[in-house]
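Here's the structure we're looking at; comments come further down.
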Amino acid sequence: MKKLINDPKTVVDESVEGFGLAHADLVRVSPDPLFVARAGGATTGRVGIVSGGGSGHEPLHAGFVGHGMLSAAVPGPVFTSPTPDPIVAATLAVDGGAGVLHIVKNYTGDVLNFETAADLADAEGVRVVSVIVDDDVAVKDSLFTAGRRGVAGTVFVEKVAGAAAERGDDLDAVAAVATKANSVTRTMGVALQAGIVPHAGEPSFVLADDEIEIGIGIHGEPGRERVTLEPADRIVDRLIGPILDDLPFSSGDQVLLFVNGMGGTPLVEQYIVYRRAAQVLAEKGIEVSRSLVGNYVTSLEMQGVSITVAKLDAELTELWDAPVETASLRWGR
Amino acid sequence: MKKLINDPKTVVDESVEGFGLAHADLVRVSPDPLFVARAGGATTGRVGIVSGGGSGHEPLHAGFVGHGMLSAAVPGPVFTSPTPDPIVAATLAVDGGAGVLHIVKNYTGDVLNFETAADLADAEGVRVVSVIVDDDVAVKDSLFTAGRRGVAGTVFVEKVAGAAAERGDDLDAVAAVATKANSVTRTMGVALQAGIVPHAGEPSFVLADDEIEIGIGIHGEPGRERVTLEPADRIVDRLIGPILDDLPFSSGDQVLLFVNGMGGTPLVEQYIVYRRAAQVLAEKGIEVSRSLVGNYVTSLEMQGVSITVAKLDAELTELWDAPVETASLRWGR
Amino acid sequence: MTLDLSWVTTWVDDTVAVVSDNRLRLSELDREIGDGDHGENLDRGFAAVKAKFDALPEGSTPGSALKLVATTLISTVGGASGPLLGTAYLKGAQALGDAAELDADAVVALLTAARDGVVLRGKAEVGDKTMIDAWTPAVDAATAAAASGASPAAVLRAAADAAVEGAASTEPLVARKGRASYLGDRAVGHRDPGAESSSLILIAAAEAAEATEG
Amino acid sequence: MTLDLSWVTTWVDDTVAVVSDNRLRLSELDREIGDGDHGENLDRGFAAVKAKFDALPEGSTPGSALKLVATTLISTVGGASGPLLGTAYLKGAQALGDAAELDADAVVALLTAARDGVVLRGKAEVGDKTMIDAWTPAVDAATAAAASGASPAAVLRAAADAAVEGAASTEPLVARKGRASYLGDRAVGHRDPGAESSSLILIAAAEAAEATEG
């Protein structure tokens, strides 16, 4: 394992410190308990939005802290959800009196730690509402399982919720927007090669030279099936079919098409994936009215991509278009 | 080799097609000869700016086409400079009557092909001025060699030249800004692992499990020396020392600090690098007044980073801050 | 025969050691069907517990000491296992009240409340391939042993043996909770890391009791 | 003994074949001290030349045919070698004017102008470890052969032999131009790919002339 790190134990602290130095105009870093909040502190009367989870998915979440998106991000150790303490601290720090929304990716660890944190923040008099993101169609959903995972669609949920908070919606309204955004968003991913967790020192899983994993999770959790490497267009077809069937999306829909790099796949390949995905949607009469391509929800240096399709109505489009000023997503200011 | 491609021969065409689909609000793609120009065409009386080079460095250059930056980008085959034809076509397409600046990274192939293209465009009545970017301190410079390479500093040169063109500077003034920007910019990179050129199918070079290459170029050209893997802070010291000595930078200077990912290195590591680089500059009394961190000038999925330091004066700062709206660099609108 | 605070401290010390010794093995189990951090998570948590126990407040009871384990794990482990095991210790501690001495029934109450805490948070059932597959057989065996008049140490030994078997019983299962549930059939043949670590914790409890009694 | 258009077409055909056959080897040489695309670049270019030559305009002369090679290479090869070799063919073509038959002196003029074209663009000298290390010895040998009365085919054979030696002579050199210059001492021991491909082109020229004469 070769990594640009000093010590597997200090990776997250040092990286977040660097992040704070690089983006001092946007954020403040609390080193202990570790969280990243907007520079300038809480805005009185505005709903705060906190998200977080294991590190290794950068720019998620700290890269989305700023005007029009998150109020704070809580980075856990690599691929391990943060404990309740920093979540509570971040929640208290961003509360402007209007309560705080927790946006939580659906992993047992994240859900349980945010749940505990929400109880504790409540006990401190801060009202917390939680929205669970579970956009990954690769996983079979049922009452008796852990349910679907939260993956790249989290960016969409965080963006529109942030815009709703920025325009002054109250906590229930912001939560309703986030819930709606999650409900219209579907994602599926593929891995060609695993990333390496610093303290593990070896790949999270091993794929043969001609194998790919369809339906991969963002921690390298296995997906639906391993298949032999195919041309990109065929792989895209394997991802987008289940996505479109699931909601279902239909002709005439307006959508956001989001091709997300997992960290180690060059942009040149991500756009090849985008091309085919756009073709498939066009064939089905689905109109791509907004798009996003790049490394937004990564899995360290994993090679692979995910495709997210989110159905847009007028409100979600407006909230997506609203100004945002964060380290990794910025427009309108 | 596992890649999300259909065919090594169609990688660039399909990727650029996907890029055009994803960013139809910003750009138009000319498929043959292949170039990417701003949507909306040339602006009468404004200087056009064309850059280009081998593909595989995305988002450079097409990701920087748009308001306040490039007028057009000409992507060659992977790691191979484009021929003169598409450069000429792009040059003619973006000329608004005020002439066109060519921003060329200093590689023999790029220089020769752009030179030929400039001659041909001149013959068509379009005045072309060329600025060569050669920010890489890893390479010994001399009249008798090919000279320094153009690497990540290209982003800085393209940004400030684009802003100068946008505010209405004439061709000589825009070229002067670009020349000044290049002259105050220094870069050095490190590779932990090579990327794989699609048609080659194997890594451009091989590093042992504990080896890194200091002074790497963006096509995987070898650098100054191979050393044993060290902690990130020591590696940063190896990069930033020669950078600061070269100009030289001195106490009291204001600079842009730009940590650039080579494609396969996660952001979490890039910020660890940024942290140390910022520490070193602070120790020397050099003020980081602007910063940039991310994958901007890549080498496919190469693992590694480069560090760029550019000395800012009031004009360069203003031009850096000016609004820009491109696929990969955006602020102020 | 009863157990007191010294049993708790010995149990905690032994757990710290066994978790540290098994760190890589537990993460390896987790790499096979999860995300490979389980040993790391617990080791971080129990190292923090050890630091707290090095300065255990005067007048601690078994219950207050176990509560300290709980809050420390909740604050330091993260992941799924942090809140789950933390809640186990928390509910177990609450079941003990401020008793200074624990008889066999108190031990059963401790284990039962601990297991119920995990279920409360994680909603898993036996057969879901989670730490519950170690805890529930352990609680059942402990209950039976206490009913037949066993000593606290013997109750814990029965629980530990059942937990070991329970951990082994996860191997043929498909997971329905936690990360391994994403694997479907591919989890078959692998042991659940949380069930394994829970069995180690319960073995440590039995050994500590035997050492204290002996 | 003179050479005419059929020599040019045979030369081009042979070059297309030899470049295609050596594509991987040339790229391998380039991978060692450059960016690994030289074979690919030339193959793309000469495949395009072949397509153009399949429909060579009526009334072509050696000069106009070589100019077509030049413009096609410039438009399709890219990289450093595209403009350099393109300019070589362009200047060589210009040196021939509209002559239909080439004697030994014309061949020397062709090679000299080609070499000068490469120098004009690339500013390399002998010893810089570039294609000039093949071209300049080739020009010198051709000049000497013509002076001693050799046939065009013999002039080209002398050029080819010298180019082969020149390509080999690049191995011990440190590069001062092109990508290999970034390598410093590490380029030592590797043959320059552009010198090698130039020697292949000149061998093809000699063989085509021998076949035409023979």
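Letters are used for the chains, namely A, B, C and D, taken in the order the chains are written, and counting of residues starts over at 1 for each.
We take it that a contact is a pair of C-beta atoms (placed from the backbone, for glycine too) under 8 Å apart; a residue touches a chain by one contact, two chains touch by 3 or more.
No experiment lies behind these values; they were computed from the predicted model shown.
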{"item": "Far-end chain from subunit B, centres as C-alpha averages", "value": "C"}
{"item": "Euclidean distance of C-alpha centroids - subunit B vs subunit D, Å", "value": "33"}
{"item": "Subunit A and subunit B, separation of their C-alpha mean positions in angstrom", "value": "29"}
{"item": "Centroid spacing, where centroids are CA-atom means, of subunit A and subunit D in whole angstrom", "value": "55"}
{"item": "Of all residues in subunit C, the ones touching two or more other chains", "value": "none"}
{"item": "Junction residues of subunit B - those touching two or more other chains", "value": "78"}
{"item": "Pairwise touch network: line, ring, star, complete, or other", "value": "line"}
{"item": "Set of all touching chain pairs, with the criterion as stated earlier", "value": "A-B, A-C, B-D"}
{"item": "Complex contact set, residues of subunit A against subunit C", "value": "54, 76-85, 107-109, 112-113, 115-116, 138-140, 144-146, 149, 197, 199-200, 204-205, 217, 219-224"}
{"item": "Subunit A residues within the subunit B interface of the complex", "value": "2-7, 11-12, 14-19, 21-23, 55-56, 58-59, 63, 78, 190, 192-193, 195, 207, 209-210, 212, 229, 231-233, 235, 257, 259, 263-276, 278, 288, 291, 293-295, 298, 300-301, 303-305, 325, 327-328, 330-333"}
{"item": "Residue ranges of subunit D touching subunit B (in the complex, touch as defined)", "value": "27, 31, 34-37, 40-41, 44, 74-84, 121-122, 176-179, 181-184, 186"}
